[in-house]
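In this document, chain identifiers A, B, C and D correspond to the written order of the chains, with residue numbering beginning at 1 in each.
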């Protein structure tokens, strides 16, 4: 299927551009009977929305969701859930200065070459505003996974530029605009971001996401692996350049006797595998880490070319996040939720009659 | 679709188990008229096959391919290409000692929990022997991509355990059984592997893959991104725990002024993005890096449980690669080839009429 | 993928219920550069919309389309085209009398059993109002097929109840609200419909659709057959119970020497095959015929049960088409357009390099 | 996905040509734990195989199946089931006389035009021998549906040429080589076929298929309708030109008061809808009827053209069924089984938690 839909059973379709009238999406395959309201989704959208602090883009969007179908008397009916998120603060004129140039690191050039046509206003379809649709779809998945299987999915900002942020608690991660899992780092983060913004430059980030209480058995062998689908989901997020499951790149230097998680009657003794073995969930936490590149749109002057191929310089003003990673946590959570939900449904389709043998723990 | 098929237009279906009669696959969607023989595929299978050196499993398999359909007078007809690779040296008895235990780090436990049934012989469907099917499918894709677009896809072993192997040349990478791109490292690698094997332990590895001369424009926005599909493809390979495109995790600590690849009339000035921007190929090299975990089956004793949930110890003898990464290079190349071919076809489906604007370089 | 999306490359996703706020859809995979406006789509929607004559439902809907994405300066960009059609004249109260009963022949009972929940207002998701989304998606396909390949797709009403309507001309078919291809029949049709409406009963219909100038070569063997996908598309339209390609059920009594279309240097001598052989278009007209059952919602009293399983009687008032077939022509055209467009794209993906051998005609 | 795979969760992939070494397939998504042997499949293959009577092709094929994967100790493991059916009696030389001509009514011309290349030996991929793969896949589906839901799927030959064959009993249908559900017709059928064969001509047929004990609730609204998928499945069978569900084309002349099946506490009072309302199964028998065109390969001389476009005559000798419909019954049953199984799995994926409200009957 085409590139604006994903999922096998829990299917998400997305549309919209940064400076068009609206974003929207269709969530198909949700089981019937789930209590769901716009507020359930709005809560997650508000975690992602712009303008929440001085460290992110100052574009003012309420990101208010309008649900158009798939609900009846407050419950999902099992049919397609369509929804809209109107753009309220688009300023296409901000882009007139750069409409004929390509921002280094941005998708301007590739869209133009692929399609022979380009919506230059705010990146058009390539804008990270599209991730609101993912967050909405993920909110529904999160709710179902929590109610049906007690799965909870949480993420945090683990690194900004060279600054590492240790994990202290999930409460911390939810208590500050950075999604820092150690609140004591917030002041340092604010200083870091203030300096970054002042410099006109941008920086990268690392975000970690964890799904807890995922039952053993989700995921399919070979090409339908849970970890492969998670890798796809994370790399499909704007600006992501790397994905790790469990020990990730640290596995390279590990020995087998160190990496292979021993098993005891009480459960696994460690979790280097990140909750997935052979593409199938183990019952441990599913742990994922992603690398986000620095924002491409920066104020500092950079060499580029124009649509005629001539050399020129570009400085991107407009309103941009100096670190896209700061708002990536809810997006990564949402994508992980969608993948898990898809596999939860796929698993019970095929293995609904399996009486699971004695389990660990 | 189910978990043993992948691809939208260039579709690969796989079957087979480590100690069953055969592996096989179906490649569907290949354009007609491609000159193709079993030898074209065998060449790639031989790069992956076991028994090639003392550093890999001593299982003796010719991995001889039998093409069963889809060819007529030496050319592809456009219909499904079915093929078989018989297992010749299976020794199911090797596994009787561990049939009732779970190898730490292996898929034994998850398959058993998911399906309530488990083919314990050599990992069954979870065995890395399945990657022969991928290599066969990739060989066809490689040939078509080379002939139609002059794309070439090559990989090399970049790290084994803590030992880094620099890139010197593609000729080097093809001249030794390690796929080391610096032949002067071979002696050191042999020593390293001899010691590892003697220790009864295993180690991880890093493999890099590069696709050269990929035209600008392949890949689709949002969910059909080229890099997302590559991430999926790499993470679907047995033992892979991390994937990077371009600068990968180094992006985290980079500044935007450093990461964003400047453009000049002669082309991009750098390639931090790894040949993909906004999910669409830029025309630069597509660069991918993957982390492979250490082999799970090791001789050293490890704590585990048996099928009744009781604590026990396990030592895996049998025939295993002490570093699965040593044979991963052709597999990673094959998966990259399949993804690129799928997107080449998808691109010309939608954008076959686009007259590309002036290009760089 | 789930049940509200169809297509491999030209993908259509649909949402909305009869008495919810809106219907909408997403068309994904349209080639870039196609000139497209809301008016292009509105034109087709107006052919389907209710209230056009006294013979169809008196529900008053403008079926005005709002395009939300995928266009830039009047041309398609190649990204997802999202659109909305607001419901303006819903009267959920009309259904309170039958909310606890099942209309014979209607999907009330099956939705309720499948999902355990049911939107009783106007059939909810099962309402034929959903076909507006198909018509919108088909309008885009029709335009592209016409501009790129000169394909034209037209349908007509061939039978209403026992009354057969011969084909005289395409002009006739477009000149009356019945889509009757013989205008001289219009008076008789009006009388027939007036009597039907007065009787409180409903009737079935046959609709024929023809695609002209379809190039030879579209469609794929075995499971990707053009005719199989057309059969799917037609049977997916509300109320359709039968589909024929070419000679259809007349083939049963034909001899091979009569059915098999002879070939001459000037072309095929007949078209029993309806433009498809072996699942691939022949270059002749693609001819399709469909049977639509009588409307289920009728005023005449009928035996049924209520939600508690007790026997009861039902009379459906509300506003309903006494013959759904009267408005089916644009819908059948739209579905045929979508299938043909999907296969046009698939064909050039795989066979874009084939130099076609000498053709007929 | 490409044209040699079908299904969303129960996926079937097929390969092979009439005069190549073998046919084969992959069935993916079958639940684990199903007792399955080659004999279970062979039984169904033997119902379809050629050479069973003097009225079908005299090609001698044992159609012996070799299962290559997906089973362990006599049970399905949940992974891909690969299988092979070797061709044993191919005679490619039979086709040398017609290699440069196109048989009227056959796919020769369209394959050649689509792909620019053509395997002329026995129709290559277009041969009806491919249906053996469908029958094998259907045999597995039938077994699972029978054991899990007591569904039984049976077909019969309802008409040959102008000769109608009434339904008397399922026992009759299984007692003769014609699948005639009235054994008293067998003699008449043999006479009819003898005359047909002597004449050098061929004829069409009608086959009916019925699935009994299908639970209410299978199928999805709008585009994932059970009846639409059945229509696709039937029209994908070689030579099928028409498909009906329930009353089919008789619906055209029916009144709503006649067609709409009334409901009583004991169940539906009739089954005009053929067991599907709104795309979802009702719990009644699913009834399907298909039209098969006359065999294209006949001995009588016919006008055609050669590969250079010149007018010529063709007489097809070789070994062909004079009525392909005679062997179509097991194929239609198999395709219906595959579609039902796919929807059984999809239904429990989405609605596995629905407690069904009080049911009829």
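Note that a residue touches a chain if its C-beta (ideal position, glycine included) is under 8 Å from a C-beta of that chain, and two chains touch if they have at least 3 such contacts.
Owing to the predicted nature of the structure, the values given are computational and were not obtained by experimental measurement.
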Open item on the list: When I count C-beta pairs in contact, which pair ends up with more: A-C or A-B?
Closed with: A-B
Task: Relative to chain B, chain with the most remote C-alpha centre - done: C
TODO: Calculate how many whole Å lie between the centre of chain B and the centre of chain C, each centre taken as the average of the chain's C-alpha atoms.
DONE: 45
Open item on the list: What's the distance between the Cα centroids of chain A and chain C, rounded to whole Å?
Closed with: 38
Task: Whole-Å gap between the CA centroids of chain A and chain B - done: 26
TODO: Scan chain C for residues touching two or more other chains and write them down.
DONE: 1-5, 8-9, 14, 29, 32-33, 78-80, 114-116, 125, 221-222, 351, 354
- [ ] In the complex, go through chain B and note every residue touching chain D.
- [x] 1-5, 7-11, 13-17, 20-24, 26, 28-29, 32-33, 66, 68-70, 72, 75, 77-82, 84, 114-119, 124-125
- [ ] Write out the stretch or stretches of chain D touching chain C in their complex.
- [x] 1-6, 8, 12, 14, 102-107, 109-116, 125-126, 130, 159, 161-162, 201-206, 216-225, 227-236, 238, 241-265, 269, 272-274, 276-283, 291-296, 298, 300, 302-305, 307-311, 347, 351, 354-360
Open item on the list: For a test of understanding, state which residues of chain C touch chain B in their complex under the given definition.
Closed with: 8-9, 29-33, 78-80, 148, 221-222, 345-346, 348-354
